[in-house]
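In the two complexes that follow, chain A is the common piece, with chain B as its partner first and chain C second.
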Partner chain A sequence: MPQVTFIEHNGTAHTVEAELGKSLMEAAVGNAVPGIDADCGGACACATCHVFVEPEWEAKTGARTEAESAMLNFAAEVKPNSRLSCQIPVTAELEGLVVRMPEGQH
Partner chain B sequence: MSDTAQQQIVIVGAGHGGGAVAASLRQYGFKGGITVFGTEPIPPYQRPPLSKAWLKGEADAASLALRPPAFYDKADISLRLSTTVTAIDRTAKTVTTDSGETVGYDWLILATGARARRLPIPGMDLAGVLELRTAADADQLKAALGPGRKLAVVGGGYIGLEAAASALALGATATVIERESRVLARVASEALSHAYQTAHRKRGVTIELGAQVAALEGADGHVTGVRLGDGRLVPCDVALVGVGAVANVELARDAGIACDQGIIVDLAARTSDPAVFAVGDCTWRPLPHYGRDFRLESVPNALEQARQAAGAICGRAPAAPEVPWFWSDQFDLKLQIVGLPFGATHTVLRGDPATESFAVFHLADDNSLRAVEAVNMADAFMAGRLLISKGSQLAADKICDMSIAMKDLAQP
Partner chain C sequence: MNDAPFPTGQLESEPFSLPLDKLDPGQPLLFKNQEHYPYFARLRAEDPVHYTAESQFGPYWSITRYNDIMAVDSNNKVFSSAAELGGITIRDRRPEVRRESFIAMDAPRHDEQRKAVSPIVAPQNLAMMEVGIRERTIKVLESLPRGEMFNWVEKVSIELTTQMLATLFDFPFEDRRKLTYWSDVATADLAAGLVKSEEEREEILADCLTYFTRLWNERINADMRPDLISMMAHAEATRHMTPDQFLGNLILLIVGGNDTTRNSMSGGLWALSQNPDQYQKLIDNPALIDSMVPEIIRYQTPLSHMRRTALEDHEVGGKLIKKGDKVVMWYCSGNRDDSAIENPNAFIIDRKRPRQHLSFGFGIHRCVGNRLAEMQLKILWEEILKRFPKIEVHGTPKRVLSSFVHGIEELNVVIPA
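What follows is the complex of A and B.
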């Protein structure tokens, strides 16, 4: 299982094992990473699993979907490398992935 | 935070709300004991997929879990499943369970949820007459559906419509029977109701409107059809009754905690007893954006209140109140609703319902935005969330102008 790292806004890093085929959001929630709320459970309905993908990983995590983009346009602190982690499937290619989290999801 | 290491928290109810309170308490640094009692035999799980992705077979049972099973041990949260709390003694600060056990608490959190409303008609006890609240209910429903099977849904609410859509995906047929003149009559605008009726009928769901249900009929103890008030019979192999829910307030009421249509709480999710909190579907709560109290049945509500209760116990500053929101997935239609139409006097449509991408904006007399119902139009939902929380006013001619981006509409 690929290891991925979530870095909280305060700098605290959490490296967890992410199950292949699940979403990045599920890896965070399953390992109790604080800062990923995921209120809707992965339905791309709430924008509370917002992360910033480190630039060198953007190609491997793929592009935003249209609905995801529409949601992110209104999220707090949105940046060009913003993604909803429920829309990023975990693949073997993501071994070593690093994402950062915004100050809050609400 | 004051020293919490010696404190004991008892959470009654292991649903989405109860599970979220426990997790939030640990996230906020609560060090004492946490015990969660749940009537169901499984750890806290997500209910929304039971009528959607899970029912269609697109999500497995493990993916329903709110947290993986190992989380509770790791977080030192004691899960007491298949155990129902039957009484609260607020003087002694104890709860009693159906196994006769008495457990003390410093803080008590009620997350007792809601139960399906039952219809006072003959045949409700026939096999194959189901409701959809729990994973066990959903297992029964899923087992009864499949190619060639006939589902009758009594009640054109969200659960019924979602189940009908999922049934079609499984190869079954579905007939939705609604008493009112439109589906979603209690919870959505006319424009939304009509769009959903059209979408369901176009994809093969039969919808009976203005239809009374006289009885559920059966043979050999199993349901075979729904008898309508006008005498017609809707034949079925399985009948799902989804006609609303009733808050489980009895435990609180019997203990002398103030209740209305739910357990009355404030914006910290605190009940009339300062040592007792309540979260989720069971609560009657203030809606600060609307200046009234209401009962909400939604995951976001349960999660907001879970954070309120855990935050209050851990001495955190209260978060800004959220605007209530809801979502529903049916076929390829993603419905997102933000706000409630309280105080709204008129609606403005953005987009064309015929394209299945549109939004209904609900405005008050002064054009302040009260609610947005968005179908496959996520930006209208997100903009609405922002605008309602700010109390913004919107001009009707701008809302319906698709050449103006929602992003620009949301910038005052």
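What follows is the complex of A and C.
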């Protein structure tokens, strides 16, 4: 299982094992990483699983879908590297991935 | 003899014996009497995507299961919120009183306007507001009578949500009860009696517009400040609104932030009083407030539904919904769906995934104020637990006549001296 790291807004890092085929959001929630609320449970319908993907990883995590962009529109502090972690499938290629979290999910 | 399926004022009391095609779960009286739950239980089991051909609101579809609601709510390409198609409630607004606000708009206009007001509830702003909300909450709680009966709705729920709204709008504090009044007028069912006709409603709301227009004019020429009116007056997407659109957005924010939070403040106390084991659990471990707050919002479901209009033929749960059909997503039913939520009829303050509920909707219209509402409730319960060992509830709540706003008008309590 690839290891991925979530960095909270305050700088606290959480490195967890992410199960292949599940989403990055599920890796966070399943390992009780604070700061990923995921209210909708991965349906791309709440934008409370918002993360910033470190630039060197963008190619491997893929591009936003249209529905994802529509939801991200309303998240606070959206940046070009904003993604919804429930829309990022965990693959072997993501070994060592680092994502950061916004101040709050809303 | 009246041969209508449901003569006015009288309800079919046996939701399980009626022929399915006569089942009309949207009747306001069902909600006032809290008799709607078994109707939805039957629909979820037997006909989860249900068509009612005749009702006081005309023909409509009922979406009753959690997953189907999620699918409709997040499919805004097919399911429109547009005011000109009838809007977002089971009751179609008459064309001449249809008013625009972004909750009743589709993309892209919705997106622009929503972006203009959402920064006020961004995480940094919420953190700033927390201190003020706590001070006001403490003041209200400290002023409550001891050892005598009073209406919790009036003295706590309404007072606190109104003060909160006054803060958000930077509205003259001494006039704050006007906000509550306008909110009630905007949503009242005519049968409930607060307003007797649409004309009367419009007259009262015209006063609301006049009042706010004065504030707008003061603020559009002043420096930008972090209140909702200044934000709307200064944002490109909203500064050119017509008076009608301005009124629409005002009402949206007043109603959005008023009724819903108010009824969660009342509903939470009622739920705890009915579940003494949960109340004890809370007293023993106040840290559970964090998971209790979303549970209160799920359990109460302050808005029973949102409505959409189909823009094209589309299948949901095996039924073909036709272009132009009215589609009602019953959040109150999805929130009791045991295929999505374990033991959904129970009020449990320490659920593992308490935010897994439909009360705020999902998709691009998902409630802007959801974290603000949660924060208000969290502060309220923190401060209650610090000062009142017990609040005794007397009798049963008096409910609002509406299948949209799931509200409590009266909840009598005593705080022991």
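Basically, the second predicted complex is superposed on the first by the 106 of 106 C-alpha atoms of A that agree within 3 Å, B and C clash if a C-alpha of one lies under 4 Å from a C-alpha of the other, contacts with A are read in each partner's own complex, and residues count from 1 in each chain.
FYI, contacts are C-beta pairs under 8 Å (C-beta built on N, C-alpha and C of every residue); 3 or more make two chains touch, one makes a residue touch a chain.
All values reported here derive from a predicted model rather than from experimental measurement.
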Chain B and chain C placed together on chain A: clash or fit? clash
With both complexes overlaid on chain A, does A:40 touch chain B (first), chain C (second), both or neither? both
With the two structures laid over each other on chain A, which partner does A:77 touch: chain B (first), chain C (second), both, or neither? second
Going by the contact rule set out at the top, does A:106 touch chain B (first), chain C (second), both, or neither?
both
Considering only the touch criterion stated at the top, classify A:32 as touching first (chain B), second (chain C), both, or neither. first
Superposing both complexes on chain A puts chain B into chain C at one of 57-65, 147-155 or 219-227, namely 147-155
So the chain A residues that chain B and chain C both touch are 37, 39-41, 43-47, 67, 70-71, 73-74, 106
Within their complex, chain B touches chain A through residues 23, 26-27, 46, 48-49, 63, 67-68, 71, 74-75, 299-300, 303, 319, 322, 325, 327, 329, 334, 336, 376-379, 382-383, 385-386, 406-407, 410
The residues of chain A that touch chain B in their complex are 22, 26, 29-30, 32, 34, 37, 39-41, 43-47, 67, 70-71, 73-75, 106
In the complex, chain C touches chain A at residues 70, 73-74, 107, 111, 114-115, 118-119, 121-124, 126, 353, 355-356, 360, 362-364, 366, 368, 370-371
Interface with chain C, chain A side, in the complex: residues 37, 39-41, 43-48, 67, 70-71, 73-74, 76-77, 102-104, 106
